[in-house]
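A, B, C, D, E and F label the chains in the order they appear, each numbered from 1.
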Amino acid sequence: MIKIEAVVRPERVNPVLQAMVDAGCHGYTYFNVTGRGKQQGVEVFTGRGGYFAHRASMPKTVIFTVVEDSKKEAVIEAVVNAARSEGGTEIGDGKIFVSHVSDVVRVRTGERGEIAL
Amino acid sequence: MIDSGSVAWILVASALVLFMTPGLAFFYGGLVRGKNVISTIMYSFISMGVVSIIWLLWGYSLAFGTGPEDAVGFNNFIGNFDFLGFRDVSATEGDGIPDMLFAVFQMMFAIITPALITGAFAERFKFTTYLVFLVAWVTLVYAPICHWVWASDGWILGIGSVDFAGGTVVHINAAVAAIAAAYFVGRRRNVERGVEPHNVPFVILGAAILWVGWFGFNAGSGLAADGVAVNAFLVTNMAAAVAAVTWGLISYFHTGHMSAVGVASGAVAGLVAITPAAGNVGPMGSLGVGFGAGALCYVAVHLRHRLRIDDALEVFAVHGIGGIWGSIAVAIFAVGGVGLVDGEANLLWANFRAVVATIGYSLVATTVILLILDRIPGLGLRTGTWEEDIGLDLSQHGERAYVADGAD
Amino acid sequence: MIDSGSVAWILVASALVLFMTPGLAFFYGGLVRGKNVISTIMYSFISMGVVSIIWLLWGYSLAFGTGPEDAVGFNNFIGNFDFLGFRDVSATEGDGIPDMLFAVFQMMFAIITPALITGAFAERFKFTTYLVFLVAWVTLVYAPICHWVWASDGWILGIGSVDFAGGTVVHINAAVAAIAAAYFVGRRRNVERGVEPHNVPFVILGAAILWVGWFGFNAGSGLAADGVAVNAFLVTNMAAAVAAVTWGLISYFHTGHMSAVGVASGAVAGLVAITPAAGNVGPMGSLGVGFGAGALCYVAVHLRHRLRIDDALEVFAVHGIGGIWGSIAVAIFAVGGVGLVDGEANLLWANFRAVVATIGYSLVATTVILLILDRIPGLGLRTGTWEEDIGLDLSQHGERAYVADGAD
Amino acid sequence: MIDSGSVAWILVASALVLFMTPGLAFFYGGLVRGKNVISTIMYSFISMGVVSIIWLLWGYSLAFGTGPEDAVGFNNFIGNFDFLGFRDVSATEGDGIPDMLFAVFQMMFAIITPALITGAFAERFKFTTYLVFLVAWVTLVYAPICHWVWASDGWILGIGSVDFAGGTVVHINAAVAAIAAAYFVGRRRNVERGVEPHNVPFVILGAAILWVGWFGFNAGSGLAADGVAVNAFLVTNMAAAVAAVTWGLISYFHTGHMSAVGVASGAVAGLVAITPAAGNVGPMGSLGVGFGAGALCYVAVHLRHRLRIDDALEVFAVHGIGGIWGSIAVAIFAVGGVGLVDGEANLLWANFRAVVATIGYSLVATTVILLILDRIPGLGLRTGTWEEDIGLDLSQHGERAYVADGAD
Amino acid sequence: MIKIEAVVRPERVNPVLQAMVDAGCHGYTYFNVTGRGKQQGVEVFTGRGGYFAHRASMPKTVIFTVVEDSKKEAVIEAVVNAARSEGGTEIGDGKIFVSHVSDVVRVRTGERGEIAL
Amino acid sequence: MIKIEAVVRPERVNPVLQAMVDAGCHGYTYFNVTGRGKQQGVEVFTGRGGYFAHRASMPKTVIFTVVEDSKKEAVIEAVVNAARSEGGTEIGDGKIFVSHVSDVVRVRTGERGEIAL
């Protein structure tokens, strides 16, 4: 089984989740993070509204799903399509990391392996 | 003659009404997504700055400057320039309270009215354009309608309409402007699945401040610490209470849950509806006003979802429907033999005309203002796609509402 | 004769007391876990709706309707139906302030008293049952005790007991009901490791609103803008201040830290204790009242942990012990030659009987109400296991208090 | 003679000024990092406890106890012991309002002044030391300066200086103490990249409470419900409004964004500046006061960044510069023929001396207090490195401000 | 070494952490997330208290711990037992993912490998 | 490619991020967590300011970055140096976990592998 971890724009979370389910994911987990890739970042005020400072990091959301190896390409494609912002030329659209998962357990039943996904 | 007790009460009432605007800011701010909360709060907060200045410089004069009757009856529609900069507005002389205190009390109404509109276009309206909108709208829409209804020579006052504390001037007026603004700015992006309020405690905090502040709004509108104020205070509380419970119970039987945001919305709907009526209905009448407000506004929120207009925080459903119901309800439940319950329909007819006139003028004038602003280079009603997606807090104000430790 | 200055002050005091209820909502709401904050806030907020209605319709009449003396002295125990729906309650006539203003001011007390109870059963009491409980409790427990203590023919007033602003009626009464409710609803799940307040700033916000609102509560209870009000205002502030510092210092020497929640609790304890005494002790006496409140309630919180009763937010330790101490303290520190400091024990004896009567009646009547509600099909005191685990916000109100962006 | 209307208003004004302190707590609390919000709030909140007690016991007497003129003019500098424990301070007699009400109103000023200082040393000052600092500073710095400016025989009052509601006593005084404290406690750790406010809505909530509370502060300072109060109320609002808009617009043109925190800071700057002037300038003058405040304080915040002194929340830039500007501005814009606009410079010279005296005394006396506290074993100004890194909430108060579910 | 990542109900976090420590874990890290498995989800209000909408995702907590390979089964068993809600028939009890960790470093000392756990 | 996951003190986040960028990381993602290692924990108040209870877990921040295998040692060293608190003897400074990532995708362009980092 593999874990697909996507770092996406917060406003794209709903479409990505929908695409994941459509692509056959059995479940997903997501949480808000801050991150930086090639993206420029933003200017923010600090202190009592006085100073403007640069922040390279931006709010993002990590979504991870664990699926059977066979679904890898389908899920990646689904995420890529759903996560892309309109136009698709802007940096900051996110990144997907794939890694290996050796075992899965369903707490409720104690089932192990792919059947527990 | 000045009465120090009345001065004390109207000073406090003015402070309470001013406090309603940040209350509204939290009410609205809690309802939007976390990336737009500063933006939503600022729409209200900045009104305390901008409208105070307008009102002092020319707004009060346009609204309440009453000159000698002119040939064409121009004075029935708009005030004159006698009180520009509060010139000749006395701090010590007046009828019960000094004239300046009346002007200050009215200033607080002018501040909150445009702030009410902002719930409709929250999460996408450009902040700089909004600043210009504030100036234009208070001058061209609020001041005239205020003059019609409350100035001694206003034409709506003249036809015998009753609007004790602002059902037409404040609520219907703002609600109509709201629906127009929501229409012209267009629907928000990314809200297909509905928007859950990002901070419900803030919504309740805002509702609580509004409820308390409304005592100043309504019980202050008699401009004295007397029996009218006492009655207005009571009926204001009752309408809020009944409407809150009504909305809550309908919601419970309809969905199986009594939402806190719903109960708070119900309270606000009741407060809106009692506003035009607070000086003219008794305790039992206020129960009717509140019940109607809770029920009608609940239904209105549901019907609004069928529209394509994205009135984000349901300004029209609550303030529009609530205000219209209140204007009718006062004509039904009014005491003193002028209400429909006593078989009198004149007030109903007068209030009906007042409502229609307010809706018509506000709709047209607001639309004109919006269309012009949309076409002025450098302004425009709506923020860009990226600005909206990243949130107006960062894109318009350069700030994030909540910053966690370690994560700067 | 009506005095406009007093009208102004009691209008404001009424608004301040109403504002205490959302203040309490935030005080309690900050103390619970984040999944129950809406629920906890709603227990208080909905009281503003439900109890307002009850009070208008029959509560005020039951509490303050005083008829001609009857043979069996029934009037000493409960009011009559003269003022149902505020019939014959004048908005313009009265002694210093209109009767209707008194009725409104008292309404705000009836609203907050049951809200105080909710801290004991927070995080597990079923919301629909609570709505019924509100109606029953205000009618059957609050109104009678209120009549005993404050109506002109109430029997506790008759024995010469002093309860200036509600030590028995409000605080002891609510605290006893609280401990009963906590007992019958049972202990919360998953709290073995203690519950850290989920939002301490909300606790402080609530405490601050309570502190300020209490000026209306106590300094308004003389029903006039006069020297009594001024003294009550001062001693209220002093008791809060001393009790806050006392609790803070004890906590510091006991644990090495001065907790913000503790200091806020101390302030509330002081405010509770001064409530019955505010009209009768002087500045130096208030220091004694506050010191006792801070120390005794701190100890009470610690002893309560040994009980099996899960009084979640320590309502009894703060409002019960604080109220009892206040009722005794006024008999100790009272000025005018009636206090124990002046060698007079009559007041102490009268107040002792008042406290015992309040505890006894509240305990029995509340228990009966709870046992009945627990047995009514479809009601029942407690939410289900799943509802409690997932949190009452989602399960009772269909809402989440805080929603982060991207995560809808 | 007591006037009930004035009593009503000053009771309310006292409550409003007290409410400013928790307002300040939220204003400051929102600006710091989330690990220090309880600590920052507590600096203010505990002042409500500690300073109330000091003021009752000896502070008021030192500030306002005026005995018979002595040979060396000692009475011009400090009060006597006549009013210790509010002895002989009447709750019923006085000039318009009872003396005790004046003492209570002044108590609220004494509470907020040291709280203002805490913004400068937030996020690192040791809490126990702060408690001692509070006692020492109110006694040795606040009470004397208060006496100079407001007691009938104070020397600054004697030279004809005008400080209506506390430009020197409150704001300049606190700001100078702030910069001294920031200097001696040293710079914060880990702030090289600047600190983003952790909760902007709290900042706005605080600013809103301050704005409303300031009506009590300024419009109460005339101690009556009269025309002076009405004028003070209006000019207070206008200065806040103009300064908020001014700061916002400068920020917009300077950085491209109008920050909410900036607008709120502008409002506070305007409120500070109008404080000494509220009784003496008219509506148009208040626009000048507000404009100057917004512009000067904005610049001051930017220049402060060049200093090595880490005045964390810009107390000096806002309250110091704002207070100095206000003291000068009243001398420019004062009505009644005493202002520079009418060609009179005496007031300017008197106010200049008042400002210099306040700065000098506050700087020296605060420095002495701080240096002594730093050397007392067991005290010391600054928390340890680990305490500061983990946050003062956990290390000083044993609490976390926000606790998420599941994560206890 | 392996990483054991458990997605559990927030109200079960404390028992699970305790069970982990009892089973010999050297440390753990947890954070709140939102997720969806087979679980039904809830109805929530949107907008101004008006509309009721379905949310499939529920609040969960992720706990991860890195342990020696040998402890794998003991830790899994401990988590499964502690994470199960009363009755054990309800869906939503959570899932455990196991994956391989190639190296561990203790910041304080710079130690590497199992000794750094 | 490898994933380097560092659990650090919140107040050390900025220096660690800077050190990572200096060591050649292409991006990073971080989020706040709670955790426990060998660290003692703190005492906190529970309830209405009354009771003092022990909490072993402390607020921490997880930072993860995915880099080419070749950068592993450089990044680890950078993190260790930047994450250490002054003095370096105090426990609680954090831990670094290294694991294998099999694939990376850049959403914007669809690029795969090391080029997508």
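The working rule: a contact is a pair of C-beta atoms (placed from the backbone, for glycine too) under 8 Å apart; a residue touches a chain by one contact, two chains touch by 3 or more.
Given the structure is predicted, the values throughout are model-derived calculations rather than measurements.
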| item | value |
| --- | --- |
| Numbering shared by both copies at the chain D-chain C contact, with half separating same from different | different |
| Chain pair, B-E or A-B, that carries the greater number of C-beta contacts | B-E |
| Between chain D and chain F, centroid-to-centroid distance (C-alpha), Å | 42 |
| Distance from chain F to chain C - Cα centre to Cα centre, in angstrom | 49 |
| Euclidean distance of C-alpha centroids - chain A vs chain F, Å | 18 |
| Residue list for chain E, restricted to those that touch at least two other chains | 9-11, 14, 30-32, 34, 43-45, 52, 57, 59, 90, 99-100 |
| Residues within chain D bordering two or more other chains | 3-6, 8-9, 12, 35, 193-196, 199, 205, 225, 255, 257, 259-261, 263-264, 397-400, 404-405, 407-408 |
| Chain contact topology (line, ring, star, complete or other) | complete |
| Residue ranges of chain D in contact with chain A within the complex | 31, 193-196, 247, 251, 255, 257, 259-266, 298, 301-302, 304-305, 312-314, 317-318 |
| Residues of chain A that touch chain C when the two form their complex | 9-11, 13-14, 30-32, 59, 61 |
| Residue ranges of chain A in contact with chain F within the complex | 2, 6-8, 31-38, 57, 60, 62, 76, 79-80, 83-84, 88-100 |
| Complex contact set, residues of chain D against chain B | 3-6, 8-9, 12, 16, 33-35, 193-201, 204-205, 207-208, 211-212, 215-216, 219, 224-231, 233-234, 237-238, 240-242, 244-245, 248, 252, 255-261, 263-264, 267, 283-284, 287, 391 |
| Residues of chain F that touch chain D when the two form their complex | 9-11, 14, 34, 42-45, 52, 55, 57-59, 85-86, 90 |
